[in-house]
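Below you'll find the structures, each written out as structure tokens.
Below, chain A partners chain B and then partners chain C, in two separate complexes.
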Partner chain A sequence: MFYRDPEFGSRMITLMAAAALVTQFLMVGQRILITNIRLFAVQSFLLSGIAITIAWFQNAQHIYLAAALTFVLKVMLVPWFLKRIADRMRTQPEVQPLINAPVSLLLCGGLTLMAYLVAQPLTLDLKREAGFELGHNTLAVAISLLLLGFYLMVSRRKALSQVLALLTMENGVFLAAISLTYGVPFVVEIGIFFDVLVAVMVLGILVYRIGETFESMDVSKLRDLKG
Partner chain B sequence: MKTFLFPIILQAVLVLLLAPLVSGFIKKLKAHLQMRRGASICQPLFDMTKLLRKDMVISEHASWIFRITPYVVFLTTLSVGLLVPLVSIHVPLSFMGGVLAVIYLLALGRFFMALAGLDTGSAFGGMGSSREMTISAIAEPAMMLAIFTVAITAGSTNLSQMVLVGQESGWKFPDPSHTLAFAALFIVLLAETGRIPVDNPATHLELTMIHEAMVLEYSGPYLALMEWAASIKQFVLMTLLINVFFPFGLGTDWEISSIAPSLMLFTVKLLVLSGLVALVETTNAKLRLFRVPDLLAIAFVLAALALASKFLF
Partner chain C sequence: MLLSTLLLVPMGVAIACLVVRPYWLLETLNILAAGIALTLGIGLAFQVLEHGTVEEWNSFLYADALSAWMVLLISVVSLASSIYSVGYFRKELASGAATPGKFREFYVLTPTFIFAMFFVVLANNLGVMWIFLEGTALVSVFLVALNNQKTSLEAAWKYIMLGSVGLVLGLFGTILTYASAVDAGLETMSGLNWSHLMSVADRFNPNIIKLAFIFVLVGYGTKAGIAPMHTWLPDAHSEAPTPTSAMLSGVYLKVALYGLIRFHTLTTQCVGTDFSQTLLLNFGLVSMCVAAPFILVQTNLKRLFAYSSVEHIGVICVGLGLNVPLAVFGALLHMGYHALIKPVLFFSAGDVQQKYHTLDMPQLGSGLLKSMPVTAVLLTLGIIAATGTPPFGLFLSEFTVLAGAITTGHVLICALFLTALVTVFSGFMIHTSRLVFGSPPIETDDNRASCGGSRVAMGFLIGMLVLFSFWLPASLISLIRKAAEVVGGGS
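Presenting the complex of A and B:
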């Protein structure tokens, strides 16, 4: 049956990875903060789908747990938390990027191409030496998620959208980890997940404080002298 | 002769009937999502039959362009409807051309519609025409790049050939680049059919309208033709999206035994896609006119990436 065929798994993984890339591009082009948070949730959902697929085709039990953790934390808990902060802040709903959307999109297109070029020799080596196929295209997507996350972090002005950018970067790292190594040891995984959770909590409180003090989430205001 | 005419007639009837029904279905679904009851699915058909029986008022400044445009627009979209695979892999008019003919026939209709908007000299018509042209200038390249991505996989721009290759390779057909191309083409679909992030199909008098502004001067049977053409265009683009990216279960010939199950499956896919469109329309707000190019830039970059990654991998 086709759902036992490893090549089918590889197809599904690359398809879902490409869909995650699409959500990342939508985040670059989208200006409404709430929609950005929803897109992050969708991206994390795709990621947990990839994790489940890898677990199924590799018979790796602990990746199921990683997928479940991704779902609970990144699809439900973190977006809910960020949305709550955004509601409480009651600032403008738009994210105000430093660079306008069409230029950002073209730059991000270039970054993605670069990621593909960087990943190509790596994946070719892997294919020759280890002979595995599962999700070879995924590394390119993971690198481009990372680069686009960097770009989002640099080009966004508001603290909350920078937190979101950091989270998408983390998604890229997670994707690279599960697609190349089929899951790091479980202790490491748990460590990373709680790291993210704690980071988001701390950053959330920080963002809230910035908002309280400066009545805006614009981080460039932090540079202003007070007195 | 019979085997030549039968597909043309059957597909024409299907396109003409299903297109308004799809518009009605999306409206009904939207109404349900917004906790309203909504009009019947057949309402667009009722509207058009009523319009066809009414008198026309034509501005005295209108030239012959205004009078032939409804026919040009209607006939170009209908012939596009006969150029895409609907329920069978074999396209009725495949000798006329492939996907390039589809894109340029649509462009011809749009060109005449923009001319007619300008023709009467009303302020709204001119606004609508200039907006339509601005948007299509970005949407069209995105659409072409997205379709070419699939054409490269299939090795042909002939739609029958593209669908055939897709069906033969089964689940091996979808490629990561197809995901990007599908997303790009979906955004183009929303823009070309005047759906909510770009244009609001529900309002008739609003300063930001695009399609409605161009057809504002039309009334009676001409308006019916224009509206029918608009719904056929939407139906054809949806069909293109469905059958190019998910060609599974399409009939291989024009025998009733293979068309009937294919039609059933096609309807299911169509309903799913309509649901997606209604969902996007309900959950998003209309973009400001100057933000529309941002959305289309996403489509363009995604389509360009799809094509580029096709060559890199």
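Presenting the complex of A and C:
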């Protein structure tokens, strides 16, 4: 049966990883905040799909849990929470990037290329068990998510877009964790998810306070402290 | 039981402070928690000296000499700043600068912060260490933003964003380390346990460990305030309420550095001494050289002290990077002395701020000695000690690091190290002489003397510094020596 075939599994993973990378590029090019939040949810959904596939073919129970937590937290809770803040702040819908979309996309293409170059020797270094090959695609996508998230963070002015950028970086690390080592120890996994949840709440509260005090979410206005 | 109690005490106090109403009880509970923690920390130090390592909860918690040393630093600084915060927050409440809600928030968050820091240094698992490092960041961001003014919100935003990016990079480094551990055949559950990792580190893939260390260096280095990732530090440390500034500068930077040291040791064990120590050495020197000019031209008193912390972290990194027993010993000793003196500086700055409602040195003018004699004397003593002037201990530890550099024949490093130290020294002397001597400063509506709590806290720290400058107990020396052996990879 095809769903028992490891070859099929690794193709599915490559497909979903590629789709996750596409959502990241869309976020770079997209200017509407709400759409960005939705794109983040789609990306997280793809990641939980990858996690389920790995769990199925590796027969690793604890990755199912990671997948479920990703789904509940990053696909449902976090986007809902961010959307709520965005609604309450009643800000302009546009994210106002510092660099325009075509140049951004070109730069991000370069960053992705770099990620592939970095990932190739790394995957060769790590010996893999035969039968289930993740290939260096997944790790390369993970590093791309990290780099592109970094780029998103420095090129956005709005506090909420920066939070989203941070979350996509975290997605990259999560993808690296499940593709390199099939997840991290159970306690650590739970802890990381808990931290992400708390971090989003802390950031949300801070964004709200900044919005109330400065009457704007534009963090480039935060420049009183110097020297 | 010792390690669990050490964690439970601040945790319990944090929970108790959620429900306790009277102000005096909140204050007493906080002081009590720090005091008990200090006693337990001393007990732990003796146990570590006797047995080498202490493990609990099926080796989930693990303490060696380095952890015990960090526990001592955390508890001493916590005790001093909890004593100081009594007077400080009473005054803030009276002047209307702090609301009762903020007051309560501070007393709940501070023990939580202490609890998370203890967990960072006592966790055996590098992943758990990361979780609690993130935890400390999330707790302390509310402490930084406590005043809820424009500047403190700006500082908190920079602090949390840069810190989170750093922690994400640190997590990536941790996962790469784990990948190479699994690759080397470690079972998955204990694959991040420090005590296991060290024994199999020489079987790791060197390329991956190198990459992991770079990620961790940038990541945890951001939290530790190593230049050029230090840009959040002067903002956060100057905008936080003073007791928090003291904790952040005095001990939190070192807790983050502790995480880096663990990975440094691992990398050294795996790929030999050259790689990570060279990086630490260079970043340390950069920190010192970046901080020095900012100290020269600084106008804000608290920012001045924050940059001084960047410089001291640089000194510690240089000592660790030289990686000879003498220099590592000096670096760890320097951690201790710096933890004693940095809170004194922040406390005196806090007293000045409460009296004159500004920290801007040109605005403060001069003549602090006439208007606030006790604070001025303590401030001057603190600055003399912090710049590494004899007879205080920081001279001893900086000189030990320098001696390590001389014995290994790094002439250029010695020259840069000394230049930075002299620049910092002259910068501090210019600012202090202007501020302390001369005619009385600007008028103020607040003519009350600074409160007793702050003097007790500062006297406690200065007294300990003077005591340990002239007389280091034999057990303390052997503890630091053992910690230096841990850092040096047991060699």
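Worth pointing out:
Please note the rule applied: the second predicted complex is superposed on the first by the 215 of 227 C-alpha atoms of A that agree within 3 Å, B and C clash if a C-alpha of one lies under 4 Å from a C-alpha of the other, contacts with A are read in each partner's own complex, and residues count from 1 in each chain.
Here, a residue touches a chain if its C-beta (ideal position, glycine included) is under 8 Å from a C-beta of that chain, and two chains touch if they have at least 3 such contacts.
Since the structure is predicted, the reported quantities are computational estimates derived from the model, not experimental observations.
Three-chain overlay on chain A, with chain B and chain C fitting side by side and no clash. In the superposition on chain A, A:25 makes contact with chain B only, not with chain C.
Legend: residue contacts after superposition of the two complexes on their common chain; A:177 is shown touching chain C, with no touch to chain B.
When the shared chain is aligned, chain C comes close enough to touch A:150, but chain B does not. Within the superposed three-chain model, A:122 lies in touch with chain C and out of touch with chain B [touch as defined at top]. In the superposition on chain A, contact is made by A:169 with chain C only, not with chain B.
Of note, the Cα-centre angle with chain A at its vertex and chain B and chain C at its ends comes out at 160 degrees, rounded to the nearest 10.
In this overlay, which is a superposition and not a single complex, chain B and chain C have their closest Cα atoms 21 Å apart.
Contacts of chain A with chain B, set against its contacts with chain C after fitting on chain A, share not one residue. Within the complex, the chain B residues that touch chain A are 171-172, 174-180, 183, 284, 291, 293-295, 297-298, 300-302, 304-305, 308-309, 312-313.
Contacts from chain C toward chain A in the complex involve residues 125, 127-128, 130-131, 134-135, 138, 141-142, 145, 148-151, 153-158, 160-161, 164-165, 168, 171-172, 175-176, 178-180, 182-183, 188-189, 191-192, 205, 207-208, 211, 234-235, 238-239, 294, 297-300, 303.
Contact residues of chain A toward chain C in the complex are 121-122, 125-127, 146, 150, 153, 159, 162, 166, 169-170, 172-173, 176-177, 180-181, 184-188, 191-192, 194-195, 198-199, 202-203, 206, 209-210, 213-214, 219, 222-225, 227.
Looking at the complex, you find that chain A touches chain B at residues 2, 7-8, 11, 14-15, 17-19, 21-22, 25-26, 28-29, 31, 35, 100-102, 105-106, 108-109, 112-113, 116-117, 120, 137, 140-141.
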